[in-house]
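Take a look at these structures.
Each of the next two complexes has subunit A plus one more chain, namely subunit B in the first and subunit C in the second.
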Partner chain A sequence: MLGFLLRRLGAAAILVFVLTSLTFVLVFSSAQNAARNILGESASQEQVDALNRELGLDQPLFVQYTTWLGKAVTGNLGKSWTSNEQVASAIANRLPVTLSMVITAITVMTIISVLLGVAAAVYGGWLDRLIQFISVLGFSLPNFWIALILVLTFAVSLRWFPATGYVPLTRSLYGWAGSLALPVAALVVGGIASAAQQVRGAVIDVLEQDYIRTLRARGVSPASILFRHALRNATPPALTVLSLQFIALLSGAVIIERVFAIPGMGSLTVDASLSGDTPVIMGIVIVLVLLVSLVNLLIDLANAWVNPKVRLK
Partner chain B sequence: MSTSVSASPSANPSKGALRAVLHSPLGVAASLVLVVMVSAAILAPFIAPNNPGNVRLDMMNGAADASYWLGGDSGGRDIFSRLLFAARNTLLGALVAVGVATILGVTTGLIAGYFGRTFDFVAGWVSDALMALPSLIVLLAFFKVLGSSVYLSMAVFGVMLAPGFFRLTRNLVMGVRNELYVDAARVSGLSDARIIARHILLVIRAPIVIQIAIVSGVAIVIQSGLEFLGLGDPRTPTWGGMLQDAFANIYVAPTSILWPGLAISLTVASLVLLGNVLRDWMQKSSSGGHGARARARKLAANRVVTGQSAAPLPADTILSISDLVVGYETAAGLKEVVKGVSLDLKRGETLGLVGESGSGKTQTAFSILGLLSSGGRVVSGSILFDGQELTGLDEAAMHKLRGKRLAYVPQEPMSNLDPAFRIGFQLVEPMRTVLGISEAEARKRALALLARVGLPDPMRAFNAYPHEISGGMAQRVLIAGAVSCDPDLLIADEPTTALDVTVQAEVLQLLRDLKEEFHMSVILVTHNFGVVADSCDRVAVMRDGRVVEAADVNSLFTNPQHEYTKMLLGSTLENSTPPAYVPPSLTGVPA
Partner chain C sequence: MNTFMRSAFMAVSLLALGQAAPVLAQDDDATTLSLASTVDNNSFDVGALQIGHRVQYWMPVFDTLLVLDPKMNAQPNLATEFTYNADNTVLNLKLREGVSFTDGAPFNAAAVKANIEYIRDAAGQNSYMVGSVKDVEIVSDYEVNLVLNAPDPGLIGYLGMVGGAIASPATLGTEASATTPIGSGAYVLDASETVAGRQYVYTRNADYWNKDAYPFEKMVIIPMNDLSARLNALKSGQIDAAAADAKSIAEAEGAGLTVNATQVDWQGLIIADRAGKSVPALADVRVRQALNFAFDKEGLVKHLLLDRGAVIDQPFNLQSQAFDPSLVGTYAFNIDKARELMKEAGFENGFTVKMPSTPAFASYEPIIEQTLNQLNITVEWEKVAANAFIADLLAGKYPLFLMSLASQTAWMDFRRFAFTESPWNTSHVDDPALAELLKTAQLTTGEAQDEAMKAANRYITENAFFAPWFMVDAIYLTDAGTKVDMQNQNIVPWPRNFAPAN
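On to the complex of A and B.
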């Protein structure tokens, strides 16, 4: 088990290193006239040169990279070029907001898609068709458009929820839930049906296995067959689906935060991207890659826990 | 996800696909929408009522009028005309992304799947890494690098979409690489390039087209998302950019958010539906058997009331099957696999059910247990078990009989143990449910049973997972499970076929001993006359869903009546010599 964990950690470390290095080369190689962009056209060449020196942009790319990497491993991600804020602290302020939204979304998605998927696997018929219909719909409607419609209906017309803003969980549970209701709804609509379809497929696959027939022949109750044996064996494929959905939710959160004016990673990304704030972009990329690696590691561990065969390998 | 669609190289796939689309109402509707969208994109300069940049100050967020059919946006420009021009930019962007993804993914997938080795490993790693990235955030990160040209962004997005094509192609190619016809082509001296072009591309064509349809939809949504965030060229109209403008004026002109959203959704939905129609067609043409629809109703009862009140059985008959017909629902209607079988089994007797695979013997056995595969049902006939008619019973009543009175030993031991649970649990759980005994009591019984069936270390087996024991041990575990609740009738479906020859005799001996010990009657499904001679009192020979001959073992071996029985016995003779067999001197009348 320990060897398994170490191997996975090693693979994740390589992934983080390769992806961040690649990103660094790409974003910094194109940021060479950042000083001019920051200071504007009216600045003198001396001012531009001075800022270039200050930002380290006068150094060769490789030196810039090793300097950045040396600081990054100690958690120092540098300063923002536009706000003078430390990148690490900017991210630390924004990440909890996005995480609370995405984790709520994936929880809601898991519960609903497992219920729908299992029900469709067992009963089939109209439920099956309903899920297929919703899945086409969820796939076709862009989540930001759903968000706009939700705002228009529930915030502008009905005034049930606030149209914008975010209330931290630490301040008010009720306010937090209210501020996240519409964003989370917009985020999960697209994924629920497709996740439910995957769960349905996984459950049907398991129910057609020989050992299910044998368990039934032994007189094991239908409830135990479905919820104990079938669900447990359908968990690994379902977990894989959910890990992919988690990555998709991170993308979705960027746009959704924009619509609802939520001060999370998404708005930070868009602002940094529009203003060419390269250190912030690098910080976001490294944090996200770490986050995705962590989630994949957790999924692997969950798989090993559910599936005894994996544990031995 | 990797919903790998199995493909069969049919004669002319593209023609069949077209017909499938035109025969489905959804397919026709989706194609129509796409044709309209593409025409709008191409013909925008000719059919748009206004120039997309034309500004009328009186129409800022204005309602529809004779010239501005859908009203004006915040800049006083015609929403309808802009929609048409935006179709151009959006569809072209999607085309770039899909083009890059297809070319990159399919090429690398072909190489990885066909040649494998190092390239497969490296490409697989890169593909996994790309899939681990949230694509929209990557595009945002590279926005300054790529500039505001949406086509360049979409080309990068195409790279991020390539893993989908890579995986699909690689898995399909791996699947067909070692097919006989590809081997034959290789042996006959065709070059790799020719084999790929002639045989492999044919197989992967349809799945790739489906993937293209889906990915085009994804590309349109992501591109609109980028433009909605303001990362597009503000001078060209796009659906995402129009939504951004409408969002900014959501309190002033709320209906403006409808049109671009509808355009995106309709286009994407049509692409997905088209993909679905093609996928359904492929699945139908590759699997002739049970349709996908029939698979769903797995746990639901699938039995019909056919029980006729038959004459009371003689007291020593435990099971009497008469005129049993079992059918499976297929696309072409009901397919009968058991066509009027009648059998009788006396208490304490072992009945051999013999026949080639596909003769209906296993289906007959499953219908006694009420465990036909999904889509299958007893069409007519009667199964009388100890005075009780089984064919009309609902699932709950059947459930009460299984384990306690009816038991089952399967053919393939390893696939019949749940891989996720310890063996001990798989023995204890049914006993607790069926017998209503305590955990400790069930545990004690399970360990005793494991010892009884001949496992050297019952405790170890009790705590082991199925993959930790051998096939022979697994079959003993399954036998222990079958007899654990003291059943009256044991149905063993080819219980030794999957085992080593050395273990076969031991397992048969075990079954014979347990039969005496537990006072069971046994139905032994097999294709092996050696097993029959060893273990059975009576035999029924099945062929094509019917019993062609039933007799006690001695008379069947000494004096087979039916030609088919003789043929089967004859083929057995080539390998082994059943003890009491005497070549037939007189040809009897076929039964």
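On to the complex of A and C.
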């Protein structure tokens, strides 16, 4: 198990290095205008040149990269070019917002998609067709449209939930739940559709296996067959789908955070990209790549835990 | 037992809802002004303060030496009197006594000197506002002389904006000043409630000398980049006011919101290569005038702005000291006249011009291309990344381009585009005749200055430095409980312009 863990950690480290290097080349090679954009139209060329020197943008790209990398590995991600805020601080302010939204969404999605998927697989018939229809419908509706419908209905018309903003969990449990209810609902609809289909397929596959038939022949109760045998063996593909859904939810958060004016990583990413705030963009890339690597690692570990064959590969 | 459990469950649920209600309730508190801002704050360092949208973040905490009323007339504030010497090279300021910063430091002449010199030397976007100040002489504890390099017709206005913002001297240049402002303004930034990017909360400064000018006990500003989010927040009662656009007006009026408007930005073509270095045709004033006559500006206002704007022929707003009513209609749409001028100039077969293409103006590109094609002018579009657009324009890469520029005080506008070294004279064309007119405007005062400003505008307009199309209505929405006076020449109202409706 330790070897398995080390292999996965090594792969994650390589992924972080490669992706951040590529991103650095892409964003810093287009950062020549940063000083002018920061100083504005009235700054003299001398002032622009001085700021370029201060930011290190007058150095060759390789030198800029090694300088940045040297600081990044010690946790120093630099300062935002537009707000002068420490990048680490900016991310630390916003990451919990996005994570609380995405983790809540993946939890809700897991529960509902497993219930729907298992129900469709076990009962079949009209229930299966209904769940599949709902799944396809959810899959085909864009989450920004769902978000707008939800906010117009439940925030603007009914005023049951706030239309925008985020309340930290540390400040108020109810406020936190209220501020996340609509964004999470908008995020999970499409994901539930996809995950429920995967769970349904995986459960049907397992239920058609010979050993399930044997268990039935031995008189094991249907509930025991489902919960002790079928679900456990259907877990690996479902876990893989949920890990992909987690990554998809992080992407979806960019749109959802804008619609609901939630100050998370999505809005930080959009603002930094639009303003060409390269240190912030790099910080976001590092954090997101680490996050995705961590999720993949956890999923691999979970898979290895439920399925010993995985550990041997 | 089941009945008991059901009752207990109901009781707990109702209790939970009761607890939740205040948290989820909308902000109907009449003593709090809640605003959504299109952009997040950049910094509270007075050397980096900005005008436009960002004034709403810093004006609550930093008082200014002068204050500009909604019509942009300078009024006393921290400076109770302001008078120039005979040749406008020394501005004497008498300062208000008994004012303190919220860290307890006194406001006095030394604080004014420290702030003005700091802002001037900070290389911020608005350092130019006090760039003409050579020295700040302390006459007494409550009197200073601003000694200028040369007369600066814009200085009085600048002292009501970033140029006159005053922070506690102890904070100038410190790292904390970017996030923890210490001023003498009407409000104090509540650090415990403020989270950058999420919300900025201001509570009343109990010692402020002019409380009546700020009727709200508390201010909250929430950065909200997305227009639909701002509209939804307004309609649901979460906020009291926010910037919007012409397309939102019907929806806003339907929801009972008040539509306020002022005109700040103008759009049109900047004819940069007036010396004809890369496009010789543009050196001919008749060609430049033809570009002015060619566009159906009424149609553009009607269809692009949904009638929320005004056709213009000169690059100055209606309230500007340089605005000349006699120029109205100078370039009324007349494609035949445009063709005639091109023919007179010897360019009836047109020419080719390279223009920058950027997503912000993509919807205008077919209009420009089709219109110029009518004069046999061929446009070669060159894609420019959004974050390189302004830098490329300022670097003089394009002889002709579409741009949106703010029109503020006349001298700010001249400074922006009329001098050889002006940033929006991107080809830095030297024009001695205009320089002479500007010098007259700089050295005169009163009616003589008014006339000199207008004369410089006439020169610019008649020589077609630009092909201005229209002024755009800056739309600002308020809810039924809030009233506001729009601030001339600023895209959003200043904090002191808000008041409860009743």
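Some notes on this structure:
Operating definition for what follows: the second predicted complex is superposed on the first by the 312 of 313 C-alpha atoms of A that agree within 3 Å, B and C clash if a C-alpha of one lies under 4 Å from a C-alpha of the other, contacts with A are read in each partner's own complex, and residues count from 1 in each chain.
Quick note on the criterion: contacts are C-beta pairs under 8 Å (C-beta built on N, C-alpha and C of every residue); 3 or more make two chains touch, one makes a residue touch a chain.
Keep in mind that what you see is a predicted model, and the values were worked out from it rather than measured.
Overlay on subunit A: subunit B and subunit C clash in the combined arrangement. Of the two partner chains placed by superposition, only subunit B is touched by A:241; subunit C is not. Judged by the touch definition given at the top, the superposed model places A:134 against neither subunit B nor subunit C. Of the two partner chains placed by superposition, A:302 touches none, neither subunit B nor subunit C. Judged by the touch definition given at the top, the superposed model places A:233 against subunit B, while subunit C stays out of reach. When the shared chain is aligned, subunit B and subunit C each come close enough to touch A:259. By the touch criterion defined above, A:47 reaches subunit C but does not reach subunit B. When the two structures are aligned on the shared chain, A:290 is found in touch with neither subunit B nor subunit C. Within the superposed three-chain model, A:23 lies in touch with subunit B and out of touch with subunit C [touch as defined at top]. With both complexes superposed, B is the one of subunit B and subunit C in contact with more subunit A residues. By the touch criterion defined above, A:224 lies against subunit B but remains apart from subunit C after alignment on the C-alpha atoms of chain A. The clash between subunit C and subunit B in the superposition falls on 243-251, which is one of the stretches 27-35, 243-251, 279-287 or 441-449. For the contact definition in use here, the residues of subunit A common to its subunit B contact set and its subunit C contact set are 30, 148, 151-152, 156, 258-259, 270, 274, 276. By the touch criterion given at the top, residues 30, 32-34, 36-37, 39-43, 47, 50-51, 82-85, 90, 93-94, 97, 148, 151-152, 155-156, 159-167, 172, 174-175, 177-178, 258-261, 263, 267-268, 270-271, 274-276 of subunit A touch subunit C in their complex. Against subunit B, in their complex, subunit A makes its touches with residues 15, 18-19, 23, 26-27, 29-31, 120-125, 128, 132, 136-137, 139-142, 144-145, 148-149, 151-152, 156, 198, 201, 204, 207-222, 224-226, 229, 232-233, 240-241, 244, 247-248, 250-252, 254-255, 258-259, 269-270, 273-274, 276, 278, 281, 284-285, 288-289, 292-293, 296, 306-309.
Within the complex formed with subunit A, the subunit C residues making contact are 16, 19-20, 23-24, 26, 36, 40-43, 45, 48, 123-128, 178-179, 195-199, 222-226, 228-230, 232-233, 235-238, 385-388, 390-392, 394, 416, 423-424.
Those residues of subunit B that touch subunit A in the complex are listed here as 1, 3, 129, 131-138, 140-145, 217, 221, 224-225, 228-231, 243, 246-247, 250-251, 254, 257, 261, 264-266, 268-269, 272-273, 276, 293, 295-300, 369, 371, 373-374, 395, 399-400, 402-404, 406-408, 410, 412, 415-421, 426, 429-430, 433-434, 465, 467, 478, 481-482, 484-485.
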